[in-house]
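Shared chain: chain A. Partners: chain B in the first complex, chain C in the second.
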Partner chain A sequence: MRTIALSLSLAVSALVSSSVLAQAPDDDAKIIRGRYQAVLADCAACHTKPGGASLAGGAPLQTPFGELVPPNITPDEETGIGSWTAADFRRAMKEGIGHDGKRLYPAMPYPAYTKMSDQDIDALWSYIRTVEPVHNPVEANQLPFPFNIRLVMLGWNMVNFEPGDFRPDPNRSEEWNRGAYIVQAAGHCGTCHSPKSLLGADKGDEALQGASLQGWYAPNITGNSYLGIGSWSEDEIVAYLKTGQNAHSIASGPMREAVQESTSRMNDADLKAIAVYLKSTEGGETQKPQPIAAEDPHMRAGAMIYHDTCSACHRADGTGGRQLFPALAGSPLVQQPSAETLTHVVLNGSQGAATPEARTTPAMPSFAWRLDDQQVADVLTYIRNSWGNAAPPVTADDVKAQR
Partner chain B sequence: MTTILPRKDVVIVGLGWTGSILAHELTDEGLDVVAIERGPWRDTATDFNIGYVQDELRYAIRKDLFLQPVTEAMTMRNNTSQTALPMRDYGSFLLGNGVGGAGVHWNGHTWRFWDTDFQIADHLTRRYGAEKFAELQLQNWGVTGAELENAYDRFEYLCGISGKAGNVNGEIREGGNPFEDPRARDYPLPPMQMTYAPTLFAEAARALGYHPFPTPAANMSEDYINPLGIAMGQCTMCGFCERFGCANYSKSSAQTTVLPVLMKKKNFELRTHSEVLHVDLDASRTHARGVTYVDTSGEEFFQPADMVLLCAYGLHNVRLMMLSGIGEAYDPNTGEGTVGRNYCYQTNSGAQVFFDDKNFNPFVAAGALGQTMDDFNGDAFDHGGLDFVGGAGINCIPTNGRPIQTRPTPPGTPRWGKDWKQATVDSYKSTLSFSAQGSSYPTRGNYLDLDPTYKDRFGRPLLRVTFDFPDNDIRMASWVAGKMEGIAKELGGRQYTVSPRKKGWDSVPYQSTHNTGGATMGTDPRTSAVNKYLQSWDVPNVFVVGASAFAHNAGKNPTGTVGALAYHAADAIRQQYLRNPGQSLVSA
Partner chain C sequence: MESHCLKRPTRRQFLSSVAFAALAGSAGGAVARSISGEPPWQSGAADPPIQVRPGGWMFFTADEVSTMEAVVDRLIPADELSIGGREAGCVLYLDRQLAGSYGASARLYTAGPFLPGLPTQGYQNAETPDQRYRLGIASLNAWTRDNKDGKRFAELSGDDQDAVLKDLEAGKIELPNKVNAKAFFNLMLSGAMEGFFADPIYGGNKDMASWRMLGFPGARYDYRDHVSKHNQPYPLPPVSIAGSTEWMSR
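And now, the complex of A and B:
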């Protein structure tokens, strides 16, 4: 409907006067660009509750410091950001300061958004102004003392936050720079995928090398060919981001949402740019360790559990099945230093992303009821050290901590 | 107190195969559709969890996925001189319950009926004269095989059927079924890798000049992506199909072929744990206003809708029509009335061959992994000198080697104790079973109606099944058993048994969940309840979709035809009915 409304307004404005003609198409185009910025930035992931009104406030985020509720960012005057100005919005995005001077918490990824261009932020603002205003009061700050004192963030910002624009690398291609810009700025990939300091800030020198969040492990997405996605072709990376799956993996957990709401809606050129950039990055251990020997008692126990419980779908050789069962053999996700995601999936099950190109949404059942901590640990140790995979063992205590 | 809900374009009763297909087709048309399902939501990962789905005690013996008599029982008798009594446990047939319906727990044999089935009365009259089947109530279906070809094709591609075509556009293909009607193209997947017993069976059948071929299977021979974009995985041959949901996305069902797309549509809604009590008609009794249903809290709702599609199991469709006053109930004394008419079943016979020197590894199996021959099915052979019509597909399809129920023992073995145990050990791996799945033809006295005595938990009369195997079908089974004996001898084991179907239907031992008819399709409103598009003659905004529409049952599993009829009805609704809603597509 919006598209129809926009083209109607274009047609009407063309009839009215040349000054309107000059003005209106520009605004419409800007709103459309802004809507695409909202896709890149995945605003909805946090600010829209499942089943709730668009951008009218999200489900609570569990952070290591306590709970935060993503606020209503519709143009509602009272409970949204209807009384903000473009400058207020730019300040929030670039400096992490709300329009009443309140310091935002970096769960709002302003440390990434700060790199967005003024033009893109203005476009995003134009778009957000067109969203249906919804009256929905949200108290964002549910943190315990002392984190509930927003002024604390002043100190945090001094230590951890570096405001400023994205700086293109003149020695790299335009495509690479576009990819870097999306990944580092609006796409805020590092918010999940970069390791965090004790204060919850990205460790800049370990960008995109993998991090824990909310019971999952967001894996290394650098070009590292052992732990990262260096072994994937650009086309395979594009396929993953566009459809939620490729020959190696199926997006689930928080990435499922990121794919559904954001990357699957990006244009192909941007996805390609992201792939080019990610493949050029480096980070993490590049040498595979020696795999744990098949004779190890935990490996032997794990093998038996695997063949009983897992192999019907993931196949005896760990190669999985097209669009249904992710391959385990050669999977970087399986070989991350942390087995949190694997443990999460075995204990709780998970479901693949739904996109127009991948509609099956296959699901893995929960095995928490069937496998005890040691058995989960053994089977994970087995898949992490079979078929050419190699990764540290998983212990029963690791599993217990997540159960 | 009945809560009146906002109107919908379409209300569908039951979300199994036909409900899912129609819901998908009609939501694609832009209609606002709600499906009301008596049972629970079921999906692969949570309900067919690979960690426990292969539990024979829970699913095969205790029948966890099935309709239980406490929810809805039926009464049965063999003929009108008897007083029907309720079945206290379902045995002879096991009806599905919940989303996916009986399509969850089937084996996956996916057949096309023949043109000589759809035009059976005309065909047999032409070939043998009408006297030949005077004791039967055989009638044409109102469609031709050619009319349904595309509908069959779409169902097979939706499912990803593994098989080998025998007749593509009239060209007979080696290795397929030479007796099948022409099809437009081959099956979507090649046949499954054959196991040992069917391989031996096929060799023996070929040696006798017969034409065995791989049974068309809704078990995936390879990974498959269907036309809706839904992926299925290669079957692992675990041998837990019938009575079980599939954990591996390897058996076609609403869950694995339609629901992932359907459930995400904004113009579709599903209400589970909600039982439709009846269809509500207006004062003229020719227009349905919607349906009344009750949820698990006992609260009653009226769901108004422009169209009502009865997509429950065939027996339930028939009962709902009777409870709602749609059409006139069939009376076996006068032969008048249509609802309940031409109830048919399946006339099955079995054979076992016991070997000393073979190991069939029966646990390597899938529900439809085997070989079939149609040389003695339908009217593929000349009945000129025979005292019956109809026939049977002869199948060697070892579906499982499950430890509780798969315990073949040779004749003379005690039923319990040490000798029985020893015999099961000796015979488990070395017994080859095959069967004849025979046609079931209608008679005046086999029918469905409402029981005069017994009621369900809502006070509604139970369905009464009056059925015995017709003499014609018994003669057919006995003749086919002779052919089976020939094959058993050719197989050359130590000893064999052949058990032809006998008179006297018994509702206790499992026989077949192929209950057909009761709301048959046809050309004449005096002998059929729905027209050739499955549209009620009496209440044109009601369509009744399922095996209830079969005018007789062939020597084949019904699901392929059920799926095809769903597409056939969907096409009629989309292309014709919606132009003139509320009107009959065929003038009586």
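And now, the complex of A and C:
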């Protein structure tokens, strides 16, 4: 079996290198840079189905407006983007307009990609041209009326979309500007982490302050030291992005995928730049509220549930266990305005990211069978208001909505 | 001693059985699975135990219930320490166990040959637990009917019930239907203890009564915070797999 796998991988690498070698040496370097842009932009997160062919179309995205299916972006002539030109691709990335003039939906994060440099977009295009073409027709637009009319995006773009390049801040360091460029452009962090308007656009003035998506809450990742990652050192942020875990937290849900497919493959200098930039940003409530009193009946029940169910791993004092069990005490994720991620994890469990430097993927089991809605709410209210934590209580209705 | 030992197979028998086993193994679908990358995990996956709910009997007849309730209440009588075996739900526990995989020995190797084994080898006979209870209870009541003025076991006085149980335990009673009195007594005793001490989700140990009596903290597995607190009682009340009343905020 091993030999087969080995010879297969040799055959594949031979194929890859022969197609790469067929290009001129200049193109070679450009393709490699483009492949890195695909890592930064995490194209695979949406355009590759779990277990499916690379970039040949993804799993459906649930948006507040309906379902969208990420299309096939392999160079297949008929079902992919094989008939596109570099200019077509640039227009899609920078203006949100496809090959045939069709307007893209901003689930494709062109409002972020528009800030990518032409050079990076061209490199990405060179790389995408080298991906194995796959014949896989995808009907991307599965939205209900009226959202299925692509022309509505014309109006949306007029209100919500500001095309244009990333503008470096000359008063900041080169490293800061590199971090800002990755976060705002290719990395499109705000697509998940920025609050959305009713129309689904990023609220620019609340960038990176946390938002709900697909049953999770993408937390505040600004330098805010109560709700954001201000209390993490740059090294700790780098460790989180590189390995999916650090002394404070373990990535879960969609961030777990982002770490596996994207941030763990970024180079250390870029991760450091991201950390420097994120720590410099501000936003969200900075004043920690008064925690709910320990005598509150929900807190009392929550404490018993915690000691009987959670403390064996997360410890009675909420400090967790390094590399296996995330700390709850002092965790910004635990104190977000919304407890969606916490509820999701208690009800469904969670598994840590598998990265080259952290392969253990510690997992938490589902507790949906053991705790009813009120008990999940009470234990979450307890962890959000103990050991120095303070956050709004969770109600049984909140939990019921997610069960 | 000699009579207890199984006959050793001949060399020829051994080799042919190994060859057969190898053949059967290769023909069967047992294939080792190799996992690479990350350990498999599924969101929301759980294999929770099924909570036993009282109401109706799934194995015992009404007569058997009254007999077993009398037995478990003599084995574990209500006293100043705890409720008795009947109130704790030992018979409900046994009923559900006997109606389930335990009753049919579904998860034990119980094919022949049936030879007398050593005590350390455990039970060596063909009858499954559900058959043993059915026949054992009937034989016990037949014996009391013949020897105790036509009464069923449950109709005897407490002292008489104790005397019968002691004689069963000592093997002094010869039960009809070739039921081994001592072995049947031990079967009922271990069943009563399981029901009394097992987690309440299995039907017995009502309100964790036995755990409260013993000071056993229940379904927990981390005591690191208490290891160094010598000679201090453990502060938390017991908890079942299904939780505890302390979890209610209302």
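For this structure, a couple of remarks:
As a convention for this text, the second predicted complex is superposed on the first by the 380 of 403 C-alpha atoms of A that agree within 3 Å, B and C clash if a C-alpha of one lies under 4 Å from a C-alpha of the other, contacts with A are read in each partner's own complex, and residues count from 1 in each chain.
Convention: a residue touches a chain if its C-beta (ideal position, glycine included) is under 8 Å from a C-beta of that chain, and two chains touch if they have at least 3 such contacts.
The shown structure was predicted, so the numbers you read here are calculated from the model rather than taken from an experiment.
Taken together in the superposed arrangement on chain A, chain B and chain C clash.
In the superposed model, A:N267 makes contact with neither chain B nor chain C. Once chain A of one complex is fitted onto chain A of the other, the partner contacts of A:A312 extend to both chain B and chain C. Of the two partner chains placed by superposition, only chain B is touched by A:Q323; chain C is not.
When the two complexes are overlaid on their common chain A, residue A:T286 makes contact with neither chain B nor chain C.
Within the superposed three-chain model, A:D378 lies in touch with chain C and out of touch with chain B [touch as defined at top].
Once chain A of one complex is fitted onto chain A of the other, the partner contacts of A:S83 are absent, as it touches neither chain B nor chain C. Judged by the touch definition given at the top, the superposed model places A:H298 against chain C, while chain B stays out of reach.
Of the two partner chains placed around the shared chain by superposition, neither chain B nor chain C is touched by A:N148.
Touched residues of chain A were counted for both chain B and chain C, and C has more of them. Shared-chain residue A:E357: touches chain B; no touch with chain C. Where the contact sets of chain A with chain B and with chain C meet, they give residues 312-313, 349, 351, 354, 359, 361, 363, 365-366, 369-370. Across the complex, chain C is touched by residues 1, 297-298, 300-302, 304-305, 307-308, 311-313, 315-316, 347-351, 354, 359, 361, 363, 365-366, 368-371, 374-375, 378 of chain A. Within the complex formed with chain A, the residues of chain C that make contact are 34, 37-39, 41, 43-46, 48, 219-222, 224-225, 236, 239, 241-244, 246-250.
By the touch criterion given at the top, residues 43-46, 49-52, 223, 225, 228-234, 236, 238, 247-249, 260-261, 264 of chain B touch chain A in their complex.
In the complex of the two chains, the chain A residues touching chain B come out as 309, 312-313, 321-325, 349, 351, 354, 357-367, 369-370.
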